[in-house]
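We just call them A, B, C, D and E in the order they show up, numbering each chain from 1.
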Amino acid sequence: MSNIIYYVSFIILGIGIYGIVSQKNLFKQLISLSIIDTAVNIFIVALGYVEWGEAPIYSTITPVANFVDPLPQALVLTAIVIGVGILALGSVLLVHINEKYGSLDPDEIRDTREVVE
Amino acid sequence: MDKIEKIDERGVWEKIADQLRSRSMWMLHYCTGCGAVELPPSMTSRFDMERLGMGPMATPRQADLFLVTGYLSTKTLRRVIYTYEKMADPKYVIGFGSCTINGGIYYDSYSTINRLDQYLPVDLYIAGCMPRPEAILNAFTKLMDMIRKGEADGWKRYNENYEWYKQNQLRSLGEVVVYDEFHE
Amino acid sequence: MIALLIAVPLVFAFASIPHERLGRYFLPFVAMFNLVCLFFFMHPEQILEVGKWPAAYGIALVLDNVSYPFLIFVNFLILMMSLSATLENRYGTLLLVLTAAVNGIMLTGDFFNSFVFLEIISVIAYIVAAHKDNALGAFKYLIFGGIGGTMYLLGAVSVYVKSGTLNMAYASFITDPMVVPTICIFFLITFLVELKVLPLGLWAPDVYSNGSSVTPIALGSIVTVSLVYLFSRIFLNIFDLPNPQLVGILAMVSIIFSELGALKQKGLGRALSFATISGVSTVVAALSMRESEITSAAYFYLFNDVVSKFILFTLFAYLGERGFKSNKTAGIAFTFASLSVVGFPMFAGFWAKYYLLKALFQVNSYALPAIILIAAVIEAGYLIKWNVELWYKEEDREKDREDVEAEKAEGVEEVEEVEDFVPFGAQVVTLLLALTLVVVGFMPGLIHDQTMSIANHVLDFRPYLDLILKGGM
Amino acid sequence: MQSLLLYLAIGALVGYFLSMINKRLGPIVLLALSLYGLFTLWNMPIGSVEDLFGFEDILQFTALSKYFSIITLIVFSCYAFFNIVWISKAKRPYAFSALSILTLFGTLGVFLTPHLIALYIFWEVAVVASLFIVPMGKEESKKATIWYIVISSIGSYMFLYGTFLLYSKFGTFNLFEISGDIASEGTGFKWLVSLLLLGAGVAKSGIFPLHVWLRNVHGNAPDTFSAVLSGQLVKMGSYIIALFLGAFPIATMFSQFYAGVNIFSYVLIWLGNISILIGTFMAIKQNDMKMLMAYSTVANGGYILIGLALLDQVGFAGGLFHVINHALAATMIFLSFAAVVYRTGTTKIDEMGGLIFKMPVTFVTYLVGIISIAGIPPTSGFVSKWMIFQSLISKGMFVTAMFTFVGSIGSFLYVFRPLAGVFLGQLKRKDKDVKEAPMIMLLPMIILVALTILWGVFPQQVLVWVTDVQRQFGMEPFKFDGTVLYSNLGHWDSWTVFVMFMVGFIIAAVIYILMPKGKKIPLDDQYTSGEFLHNFDLYHYATKYYAFLEREYEGHPSFEDWYTSIVNVLKAIGKGVDYLVRRTASAYTFWMALVLALLLWVRW
Amino acid sequence: MTVLKVAGIFLTAFFFGLTFEGIGRKITARVQRRYGPRWYQNFIDLFKTLSKHGYTHGWIFDFGVIMALGGIIASLGFVPVGGIVAFPGMDNFFVIVYLFTIGSLGMAMGMVGTGNPWASIGVARALTLMLGYEVPYMISIGSMLYFYRTSSISAIMSAQGGDWNLFKFPIGALVALISLQGMLGKEPFEAPIAPAEIASGPMVELSAKYMGLLMLMNTFMEFAEISLFVDLFLGGGTYFVFLLKYLVVWVLVVLISSVLPRFRIEQAVYFYWTVPIILAFVQVFMTVNGFVF
């Protein structure tokens, strides 16, 4: 039962990949990428989790305690920041694409480009 | 032409050469008219002119004897003259049939040449319309005789009286108009 | 001390934010500074433990015999690019950050740290890729790179989970060998994406062919070199490459197909992009052999390929397909570079091929040499075609000019003069690099000694471990 | 040798900068260097060994080196001499001169070293240098350059692959060190290595599967450079073939197949046969005179290959002798073409005519050249053809003999086509004012004519070189005594033949002079079937000269088309790659998943 | 001695060549039921043409004619005429064959030098025909050279003894005979000089002594080629035996030519490259495998 979080994260990962593969709209693809990011983050956090663990803070109450591994959480923080950065950057790129081609549908974009080329 | 006994001016080599020429006459027959049809019988097995050393040639350069076989129009005369001038000296001309003598039955046509010897030095005419092969062979033997005696000197006459012949030719044919229908 | 390589560029990057134009003036000096530091003040085999945390707990920056030459080369390339490229506003800042990240990724001895630097590089790469209004290509790259980055993250975290440390040296020491292949596959995916091995490098042609003087050089030369370093660090030094044959085959397929793709192209830019894929694929294929001579030759090949492509892309960015009539110097550089890429003698490319083939034959590998040579035939075909076309374009151009003049005389309309101006900096840089190729062509030892030493070090895990852990743990 | 190569390398730079002062200085530098080289190498003892730029014993002066270097230097001297005037028509005179010198550097280097990698380097230098001269020619020449580089690369990379195969086996690049041990290797290895190494020779000398570049390149290159291409660069291929066939113990490496000819040589001989066939019949149907001679080069390459591959006393000598013949003849012919083009500006046979009365010396050069190509005594071309025929007949190789006969008689056909179309026939009106080529152009042509006839009548000098080569390779040397040449099927004496020829000529001339003199008439006084012609330009039979023969093989397969279609197939695959590239990210992810799956599940 | 022998060969070729040609004309005439010319007609023709005043188109024309005759005279010197062998051992088959081509080349060059397209067409046809007949000829002779291990004509001639090669190499002899017909330009391989079609082809511009010299060349060439056939296949023999054999071959050739029509040039080449070449290879196969009777 404790592994359920892994399965959840992999399901979310699958959803993300499915999204990228199946969705035509570029923005939806970007969102799917973000979903993949999230899935991986969940997975990492779950890795550090210890059954019935406690917050990894040394105190008098918990001199010897079942700590949750703090490092993955720290890593995830960084990863989230990077993920957000990429999301923002992708959005900017999409705005540019939309300005240039007037669409976010790759087929329509390709038509426009082929006319240009 | 006046029949004047000429003094034989030929040297020894020339005489020997004339002997040879008379025995090996290569002819070019210019088939302007119906006379040409009489040549095949004279070449083939019945009369066989090859036994006289004669034979048909393909181009005027190789030929000694020029047969004008029939009537001439202004159009064909020009060709005849070109052809004659391409032949190598010494060269002989035989006019076939009455057409070359006086125009024959076409004498009053607007474009017929009535007298060949005004334009080319004819060594021998064969009368008849048309001459039979017997007459033709007879003429050939006669011409051979003339050559041996040095009487067949039409080519010399042509060279000597070139101006006169040219004048006659021009009078009949007019100036040559250069007109190239393909490229100009 | 070695942290300066990362810190100084970053500082200048931040300093340039208020003054958009300053970045591009900072860049050459920063690169110069780095080079000077590297040459005179830093020498291999030193380690910096960030925050005095001892290695295996904290982040360690390592300057060893492998990363040192790579650092010099990359900073040299950055310096060259800063002189040759036309940097618009803010690109200076970006490239300063890129410099920091690239130096960082080569110095770091920590998986997660390298992930962070990789992501910084990626983000900047996406932005740089969007240069010249090429947002679509950049977006493709972003999706691809995004997934690749995720894979790297997964790999790094898996290492941590399985070994309890993020330190590269220590992790390789204690990680369960059973799970190493699986972890490595995550890393591998990232590298295949970033190093443009087909079919994962499909994003590259669209990105590189945008006609910018920054994108293909920043991505194709600088980022590629740093990632090749990381690739060899992880797969040659720390872990074993999983499925080396499969990687080799993938790379070979990539070589052939990218050459075919290049053959088909009607535009020079895309042709060069495909040629770049082919070049890096060759390096990957050679590295997958994990043999010191071959590895050394692969680095030599990388050197030649990167320098030549630097020249080709720079000149393409400025001249397009307009010929060398008025730019003989540029033309000579272009020709030298393409001859070197194909591997004609008396250029660096020949020795790259020579060493590579020689090493491959020594281990009785016959398929890769054949493929390299077949690819070289195709490459020779289209590169020489372009050379000839560009050199002998003058007739057409004169005709054009006559037309223009005629039209001007008629006063029909003002026809825009085609601009084929190569900036002085770019001319000098390309010529210098071309001469480098020639000099290396005559004295291959200059580079070969270095690559040999890198190869020997990179394949020997022990010194690295000793350096980081100081024989301890 | 090292100093010579050094001078040449420096000379390329010097030539470039001197050309800037005066265009004509470039060829003069080349001429001086070639003459210096000729002088040095002529006097150099066979077997000298030298270092090159610090590499020990890289240069080795063998008998084969001497022979080929002398040919090369003769060709280059004439070429340089010719260029002194011609250079004014060159498109890029500076680069042209410098690259010419570099080409000489490369080829001489090839001939002087048995070290395979050094050989490869020099080889590629020659290729690259000549590569950039080619597109200075006609409009088509840019395309031709691609043909050149691709086919040349195929050849040279085959060579490189073979070299490394040898290296991985024997650990040395020195050919002569390898050749002793190779016989004991496995059959497959021997086949592979021999084929790969000879691939370069096959590609370069225009042998059958790789012959397609010659038409394009020789036909479109700058006019004088075609002479070097055909007279000299192609001979580099022949050198490789001669070197490997001579240095490797081919006879013991491969099993005997027929009449003492081993199977490998037999394969080569068949390639030569096909080359002769293709070269001859394609040459017959060319209307461009330079392309015609290009195909002729293919056919002659076949001759050389057959001669060399026979590997016996007479045949090998014949093949080697044919090298010098064809080099001289091709140079003469292409130089005379260059002179014609210099004056008339076209290479199409049916756009010219009657130039003999305007350019008599050029005509004589061409005439002697084709007499030599066609192998008619008293030129040197006959000597080698005789040797090859003798060898083939004595071995009983009649099928090959048939091909050589076809090539030999076919050569009468194709060489006559430019003769009739360009030099004889009616003079075109546009060429009425054409003058003879300048004296400086004529001199090298005259020298070549003299050499060809000299070596046709007194072949001893060349035979000494050739037999030296045979001795060096441990073959029984060709037997000759003065001008009498011996084969195992009898002998002949070139001097007697020449004397008889002169006797016949004198008799004919006496008869001619004794008889009445002919009258000189102009060209347009022609038998025209009595018709008056206005435009004698059209009274010239040059277009589709052999129409009746060409009709017989109209639908022949074209290798040029085949190779183009192969390239098109490759391009179609490339288009597929490009199609994938142009998709959006969604498709890429699919690929990524695929690769991931592969990596995860495939384990071996 | 050599000089005398060479002179003897030339004089034989001159007198008997022309005489036999005259006889050939007589035979043709008889086949056509004509009386025919005298046997010495060809002498008359020759000297007549030489005596005329011709036209020349420039130096190449003169040179070509001299080269044609000179080349043929040169090659004639190497052909053994019965017992007269001028250069024993050096009468190499290939030398003779290639010396012939000097004459042909000279003729072709001179004739095309006239500038007449008919001449060019004729020469083109002649060369094409040559491509046809030379190949089977050389292969079939080659098999003999292989068998006797020598390429000297006189050596092969004397090696036969009474046992003629005609019977030893019957198929080769047949091939050589068919090729001979083409070499001599007799029907059915007469297309190069078709008089009515292309105005006698190469000879179109020939007048007077030029014609004569080429007639002489043609006679010598015929003599040399038939002599080769007689030497190689009929065992040569003493001088008069040789001439007798020569006459027989010549009559055979003339008879064949007098009853056959003309091939078109591509038909001729096609013919030569199918039937005779296959026969020649049959001969080669037999020779190489030792089936020599």
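Just so it is clear, contacts are C-beta pairs under 8 Å (C-beta built on N, C-alpha and C of every residue); 3 or more make two chains touch, one makes a residue touch a chain.
All values reported here derive from a predicted model rather than from experimental measurement.
Separation of subunit B from subunit C in touch steps, taking the shortest path, is 2.
Centrality annotation: D (chain centre taken as mean Cα position, compared with the mean over all protein Cα atoms). Per-pair counts of C-beta contacts peak for the chains D-E.
For subunit C, the chain whose average C-alpha position is most distant is B. The greatest centre-to-centre gap from subunit D, using C-alpha centroids, is found for A. Per-chain CA centroids place subunit C at a distance of 77 Å from subunit E. We define each chain's centre as the mean of its Cα atoms; on that basis subunit A and subunit D are separated by 67 Å. Taking the mean of the C-alpha atoms as each chain's centre, subunit A and subunit B sit 112 Å apart.
Computed from the mean C-alpha positions, the centre of subunit D lies at a distance of 35 Å from the centre of subunit E.
Multi-chain contact residues of subunit E (touching two or more other chains): 51-55, 199, 204-205, 207-208.
Looking at subunit B, residues 59, 61, 86 sit in touch with two or more other chains. Contact with two or more other chains is made by residues 525, 527, 582-585, 589 of subunit D. Taken in their complex, subunit E has these residues touching subunit D: 6, 10, 50-60, 62, 65-78, 87, 89-90, 92, 94-95, 98-99, 101-102, 104-105, 108-109, 112-118, 120-121, 123-125, 127-128, 130-131, 134-135, 138-139, 142-143, 145-146, 149-152, 155, 199, 204-205, 207-210, 212-213, 216, 264-266, 269-270, 277, 281, 284, 288. Those residues of subunit B whose C-beta lies close enough to touch subunit E in the complex are 13, 17, 20-21, 23-24, 26, 44-45, 48, 50-53, 56-59, 61-62, 64, 86-90. Looking at the complex, you find that subunit D touches subunit C at residues 117, 120-122, 124-125, 127-128, 131-132, 135-136, 142, 145-146, 149-150, 153-154, 157-158, 160-161, 164-165, 167-168, 567, 570-575, 577-578, 580-585, 588-589, 591-592, 594-596, 598-600, 602-604. Interface of subunit E with subunit B (complex): residues 25, 29, 32-38, 41, 44-45, 47-48, 51-55, 195-196, 199-200, 203-208, 211. The part of subunit D that touches subunit E in the complex is made up of residues 354, 356-357, 360, 363, 367, 371, 374-377, 382, 385-386, 389-390, 393-394, 396, 398-399, 401-402, 405-406, 409-410, 412-413, 416, 419-420, 424-427, 487-493, 496-497, 500-501, 503-509, 511-512, 515-521, 523-527, 529, 536, 539-542, 545-546, 548-549, 551-552.
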